[in-house]
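There are two complexes below, and they share chain A, which is joined by chain B in the first and by chain C in the second.
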Partner chain A sequence: MSQYFSPFVLPFCAAVLVLLGICIWKYVRWYKHFDRLQKAIFLKNLISWKFIPALWEAFREGILHVRISRKNLVLGYMHRSIALGWFLLIVVGAIESHMAPTESHPFWMGIFFRYFVHDTPSPGISMFFANLMDFLLLYVLSGITLAYLKKVYSRIVGMKKVTKHVIFDQFAKFSLWAIFPLRLLSESLSANLYHNGGFLTQSVGDLFSSSFASTFELLSWTCYSFSLAIFFVALPFSRYMHIFTEIVLIFFRHLGLKERTAKTGFTMYELSACSRCGICIDNCPLNKQLAIPNVQSVYFLRDLRYKRVKPEIADNCLLCARCSSDCPVNIDLMSIRQQARHKQELDTQHNYQYLDNIQPFNAIGRVGYFAGCMSHLTPAIPEAMVAIFEAAGQKYWYMDEDKTICCGRPLMQQGYLNQAGELRRKNIEMIKKSKIQFLITSCPICYQSFKKEYKLPVPVIHHTEYIAGLLQSGKIKVRKDDLKTVYHDPCELGRGCNIYKEPRQILKKTTQLVKAKSEKEDSLCCGYNLGNTLINNEQQKKIRDAAFKNLMHKKPDVIATACPMCKKAFKHSMDFPIRDIAEIVKDNLIKK
Partner chain B sequence: MAISFGFTISQTRVVNMDNCDFGKLHQLERITPSFKKCMNCGACTATCSAQQFVSFNIRKVKSLYTMGQLGGLDKELAKCMLCGKCTLVCPRGLNLRPIIMNMRKLLTTK
Partner chain C sequence: MKKIAIIGAGPAGIEAASILAAHNFEVTLFEKSSTPLSNILDKAFLFPSSVAAADLVDELNAKLLHDNIQLICEKEIVNIKETNDECKLFDKDGKTYFASKVLITTGYTIFDAHRKEELGYGIYKGVISSLDLEKMIRHKQIKNSIDELPQRITFLQCVGSRDEKSGNNYCSKICCVTAVKQAIEARKLLPQAEIYIFYMDLRMWGQTFEELYRQSQEEYDIRYIRGRISEASATFDGKVQIKSEDTLIGQPLKMTTDLLVLMCGMEPSPGTKTLAENCQIAGDYHFIQTIDPHLHDNETAQTGIYVAGSAKRPMSIRDTLSDAAAAAMQIMSDCQ
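And now, the complex of A and B:
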C-alpha cells in the first residue's frame, strides 16, 4: 500500500468522498419531497423493464450528447469529447491499474497510474494502454480547447449568446478546464523520468530537461489532484451537478414521473439537471427581438435553484415553449415556470359562484363545439366551423355560443391554480352532463387545457384535426385554389400539443402550401401569447413582426393559421390577408 | 312602468377628491405606467367574458380605483377570469391583465 501512496492523493480521495456524500444526501432529500402520487408511481415502476430504454437514453444523452449534436455538430463534439473522453479515461484507467502486476490496487491508482507504476513485465500491453490513454486525453483536450475557443468566439459552436455564469460557476468551470492540461503536464514529466508515456505524453515529456522534470513532477501531480478535488467539491453546488442529475432524471422520466402543478422534489432534480448550456437563449423571442437579457430559462432555473428568483423574471416569459423544444435535457420548462408564478394567498376560492346556475344542454348524439374566448373576437372562425358542421351533416352543440366560460388556462399560466380549478370543474360538469360524443375546440389555448389539465370522459380534438378527418373520410369535399399560402404554427398547438401534420394536410388539399423559413418545432411565436403579462403592446408587435418576416420567406399571398390569438396578432395594425384554416376550408367547400 | 333594458343606470355618487387616498393609484401607476393611457372607452367591459354572466364592470372598477374608492373592489376583481379579451380589444394598447392582477394584489396587501 505504502508503495502506491503519496500525500498528494489525499485531496482527491477526500473530495470523492465529499462528492458522493453530498450527492446522496441531496438525492435522498429531494426524493423525500416528492408528492404522494410521484412516490407511488416511482415505487410501482421501480422494478420493471423500463430500466433498459432508460439506460440506453442515459448513455446516449449523458455520454454521447446526441440531442446537442443535432443542434450543432461542433457543440456536440465539444460536449461528447469531454464526457465520453473522461468517462473512458476513468474506465480504461481502472482496467489498466487492475491489470498491472502490483500487489494492491487502491482506487486512486487509475487516476495517478503513471506516477506510481514505472515498468511492467509486458511492455507490449503497457505501451498499448499508454497510447490508448494518451489518445483519450488528447480527445478530451480537443474538447477543452473548443471550450476555451467558445469563450472567445461562441459562434464557432453555433451560439450567438452564451450564458453569463455566476462567479461560483466560473470557478468550477476553470477548475474543470485545469484538470486535463495538468494531467498532460504531470504524465509528461513522469514520462520524461521513467519513459512510461504514450505517443503524446512521451513526446511532450521529452521537451523538458530531466532536472526540470524531477523538480516539478511532484508539484504537478499535487496540482492535478487539487484541481480534481476543487472540481468535485464545487460540483454539487454548481451547474456541474447536471452530470449525475441528468442521468437520474432520465431514469425517473422512464419510470413515468413528471412535473406537477406545484413544486416538488422532482422539480429540484430538474433544476439541477440544467447544465446552463445557454442553448435556450438564442432563440428566445424576448432575447432575439426585445433584447431582454436575463429572463431566459437558463437564468430562471438558476435563480429558482438558488432560491432568489424574482417575480419579474418568472413572469417575463411568453410560455411559447421555444426553449423547451431546444432544451437538450428536455426539462419541463413551461411547467416549472408556471409553478414559480403561484400566487399563494391571492389565489382565492369561490370566485366564480356566478357560474353555478348555468344549466348544461342535453346534447346526446351531437358533438360539442367550444369556440373559446378569443374565437369570439374573430367571429369568422366559429362561423366557418358552423358552416362546415352543416356541410358535413354533423349535429353539433355550440357550447359557448353566447356566453363563454374561460377554460382556465390563462389563470393557470399566471399561477391561480384554485381559480383555474373552479372554472375547470364547471366546464367538466357542463361537458359531462351534456353527453356529447366528443369535443371540438377552435382555440389551441383551450385545446391544450382540455387535453392536459382536464380529465374529460370524451375525446378532445382541435378543429384542424376534425376537418382533416372529414376530408379524409370524404364527408366534405373541397376544391383547390391557387393562392400561395404559408402556415403559421401556433405555439400552443404545435410545440404545446404536437399538432403539425393535420393543418398541413388540409392546406395541401385546399391551397398551394409554401414553407416558412423556420417552422414546426422551430416556428416563431406571434408575441400575443397569454403567457406574458410584462411586455407591452409595442414589444408584442416587434415579436409579431419577426414572426411575420419569417413567414414571408417564400412570398405567400395568404397566411393561414389555426389560432384566433395568432390571427388577431397578425391583424393588429397590419394589412396582410390572414385566415384561419376553417375559413379557407369553408370558402373552398364544394356544395353537394 | 319598469322596462328592462338588460342594464341599469349606476347610482349617483359624490366623491370629494380632496379627501381621497391616492396611494394605491400611484403605486399601480408605478408598476404599470400604461394605466395612465386609459381613456375610459369601455371596450374592455363590452367584450368581457365574466360580464356576460354577472354584473362586472371593469371600466367602473378602474374609475373607482382612480378616485380612491377602494371598498369592495378586490371582491369585484376576483370575478375576472383573466381570459385576456379586454387586452386584445383595447384601442389604447393597454395590457389589462397585469393591471387587473396588480390592482388585486395592491388591494389585498396592506
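And now, the complex of A and C:
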C-alpha cells in the first residue's frame, strides 16, 4: 500500500465512506416509511424479470439523459457529457488501474492514477489509456463549460428561466464544477514531471516549467481530492442526491410502485430524485402568463424535501400537469402536490346525510351517463349527448340528471380527502346497484376521478371515446362540413388520461381539423382548472388568452373541446365560437 | 356653413343632428343599418311613464326631415383621422368623407346571453332575453315554449353586467327598472300568472323608479327574491327548472317556471368598439373614453372627435337625449 498512498487521498476516501453511509441510511429509512401495500408490492416483485427493462431505462435516463435531449439537444448534451463522461472516467480509470502491473490496486488508485503510476512496461497500452482518459476528461469539461455558459446565458440550452438555487446547492455545484478543472491541472502537472499524459494533459503540462510543476503538484492533487470530498459530503443533502435516487426510483417504478394519496417513503425517493434542472419553470402558466416565480414544481419539491413548504405554495398550482409532461425524471408531480394540500382539520367538518336519500336505479342492459356538475353548467353538452344516444338507439341511464352528486375530484384536488370519500362511496354504491354495462362521462374531471380514484366494476369511458366508437362501428353516421376547427386538449383528458386520438378522429370525420401551435402533451391550460383557488378572474383570463392565441395559429372558425370547464373558460368574455365535440357531432348527424 | 358628421342614427345622433341643423350646421348622419333608431324599434313601452316607444320613434324621425340633415344609411364608418382642423372619415369600403367635427353616437348592444350557457339561453325555448320579452309585449302576446299562456314568469337581473366572469364588472343601470316595467306590462297581459324577479340589489336611481317598484309589489303583485340563479335545466313538459338561493332567508331553492327572462346588460356596440380602438379613444370595457367626466364629458382625446350617449357608458334614453344636446352645444361653441 505504501507505494500507492499519500495523505491527500484521505479526504476522498473518508468522503466516499460518508457518502455511502448516508445514502444507505436514508434509503433504508425511506423504505421503512413505505405503506403496507407498497412494501408488499416491492417484496412480491423484487425478484423478477422486471429488472431488465429497469436497468435499460436507468442507463438511458441516469447516464444518457435521453428525455432531456428530446427537450433540447444542447441541454441533453450538457447533462450527458457530465454523467456519461464521469461514469466512463470511473470505469475506464478502474480498468486502467487494474491492468497496471502493480502489486496492489487500492480503490482510489483509479482516481489518482497519474500521480502514482509513472511508467509501465507496455507504453502502447498506457498511451492508449492516457489518451482515452484525456478524451473523456475533455468530454466532461465541455459539459462543465456549457454549464458555466448556461449560468450566464441560459437560452443556449433552450431555457428562458433557470432555477434559483439555495446557497447550499450553489456550494455543491461549485465544488462539482471545481473537480474537473482541478483534475486537468493535477494530471497536467504530473505529465510535466513524468511524461505520462495523453494528448490533452501532456500538452497542457508542457506549458508549465518543471520547477512550477514539482512545487505545485502535490497541492493540486490535494485540492482535487478535497473538491471530490466536499462534493461527496454535500451530495446527499443537496440536489445532487438525484444522481443515485433517480436510478433507484426507476427500479421502484418498474417494480410497480407509485404515489399514494398520502405522503409515504416513496414520496421521499421522488423528492430526492428531482435534480432541480428547472425545465418545469418555463412552460408553467403561472410563470409564463402571471410571472409568479416561486410556486413551480422545482421549488415546491425542494421546499417539501427540506420540510418548509408553505400552504400558499402547495395550493397555488392549476394541476394542469404541464410540468409533469416536461419533467425528465417523470416525477408524479400532481400526486405530490395534492398530498401536500391535505386539510386535515377542515376535512372532518361536513354533512353528507342527504346522500342517503338518493336511491339507486335498476339499469340492467343500459349504459350509464354521468354528465358531471360542470356539464350541468354547459347544458348544450348533455343535450347533445342525449340526442346522440337516441340516434344510436342506445338505452341509457342519465345518472345525475336530477340529483347531482359530485365525483369528488375537486375536493380531492383541494385536499378534502374524507369528504371526497363520502361522495365516492355513494357514487360507487349507485353504479354497482344499477348494473350498468359501462359508464360514460362528459367531464374529463369526473372521467379522471372514476378512472383513477374509484375502483369500479364497470369500464369508464369519456364521451369522445364513446362517440369515436359509434362512428367506427357505424351506429351513427355524420356528414363532414367545411368548418375549420381546432381542438383544445383539456388538461384532465389529455395529460391526465392520455386521450388525444379519439377527439381528433371525430373532428376529422365531421370538420376540417387544423392544428394548434402547441398541442397534445404540450397543450396550454385554459386557466379555469379547478386545481387552483388562489388566482383571480383576471389572472385566469390571462392564462386563457394565451391558450386562445395558441389555438388561433391557423385561423380556425370554431374551437372544439371536450371539457365543460374549458368551454366555459373560452366562453367567458369572448365572442369566439367554442363548442364541445358532442355538439358538433349532434349537429352533423345524418338521420336514418 | 360648417360640416358636421354624426355616426349612428339612434336617439343621440338624431337629437344632436336636429339641434346642429337648427343652428345652420350642415349635418351628415351615417347609419350602419338600413333604418335609423333600430334599437328603440324593438321596444314596446319606455320607462318611467310607459309611453309607447313608437311615439318617440315618430317624433325623432320627424326631426330628421330638416333640410340641413343628410341621412346616409347602410354606411359603416370604421375610422376617423384628424388633419389640419379637418376630420377625414373612412367607411368600410375605404371611401372617405370630410367634416370639420365628428360626433360618435354608435351606442350599445345587449349582452349576448349565449355566453352564460348555464342559464340555457338558446338551448331551452323557455329561456328568453329581456329584448325577446319586449318584442312579445309589443305584439301583446306572451307565450311559453309550447305556445300556451305562461303560468309563471321569472326575471333574472344582472346577466352580463356586474359579473366578473363575463368580464363586465360594471352596472348596466337600466335593467333593474326595465324588469320592473316589463313585469308590470306582463301583469297587464297575464292577470293570473305568478311573476318573480331575482335580483342582487335593486337600483332604483330615477326619481320615479322607487315608486314604480312599490307599485309593482302593491298593485301588480310582483314578487322579489334576492338571489342569483346558478343554473337552468329543462323539465319533461317544456318548462324551465332553475336552481337558486333565497339569500334573505338563506335557503337554497329549486322551482319551475314557464319563462325565464334574462335581463341582459349593455355592452358597447361593435361599431363603438371598432371606432374606440381605431381612433385610440377606448376606455374601460371598450366603451369610448371622454377627457373628463364632469366638465368635458363629450370630448375625446382626439381633437374634433366628440361622443354622446351609450357609446361612452350605459345610459337610459332620457340621459342619452340630454347628453346629445350637450354634445351639440359643445360642438357649436368649439366651432366659433
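Heads up, the rule we're going with is that the second predicted complex is superposed on the first by the 590 of 592 C-alpha atoms of A that agree within 3 Å, B and C clash if a C-alpha of one lies under 4 Å from a C-alpha of the other, contacts with A are read in each partner's own complex, and residues count from 1 in each chain.
What we mean here is this: a contact is a pair of C-beta atoms (placed from the backbone, for glycine too) under 8 Å apart; a residue touches a chain by one contact, two chains touch by 3 or more.
Please read all numbers here as calculations on a predicted model, not as lab measurements.
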Touching partner for A:His376 - first (chain B), second (chain C), both, neither: both
Which of chain B and chain C A:Cys406 touches, first, second, both or neither: first
Touching partner for A:Asn537 - first (chain B), second (chain C), both, neither: both
First (chain B), second (chain C), both or neither touched by A:Ile243: neither
First, second, both or neither for A:Lys568, with chain B first and chain C second: both
Which superposed partner A:Leu355 touches (first chain B, second chain C, both, neither): first
More chain A residues in contact [chain B versus chain C]: B
On chain A, the residue positions that both chain B and chain C contact, one per complex: 376-377, 537, 568
Residue numbers on chain B that touch chain A, as the complex places them: 34, 47, 49-50, 52-54, 78-79, 81-85, 88-89, 93-95, 97-98, 101, 104-105, 108
Chain A - residues contacting chain C, complex: 376-380, 383, 537, 541, 567-568, 571-575
In the complex with chain A, residue positions of chain C that touch it: 112, 115, 117-118, 120, 123-124, 164-168, 230-234
Complex contacts: residues of chain A adjacent to chain B: 345-346, 348, 351-352, 354-355, 358, 373-374, 376-377, 402-406, 408, 410-411, 414, 416, 423, 528, 530, 533-538, 565, 568
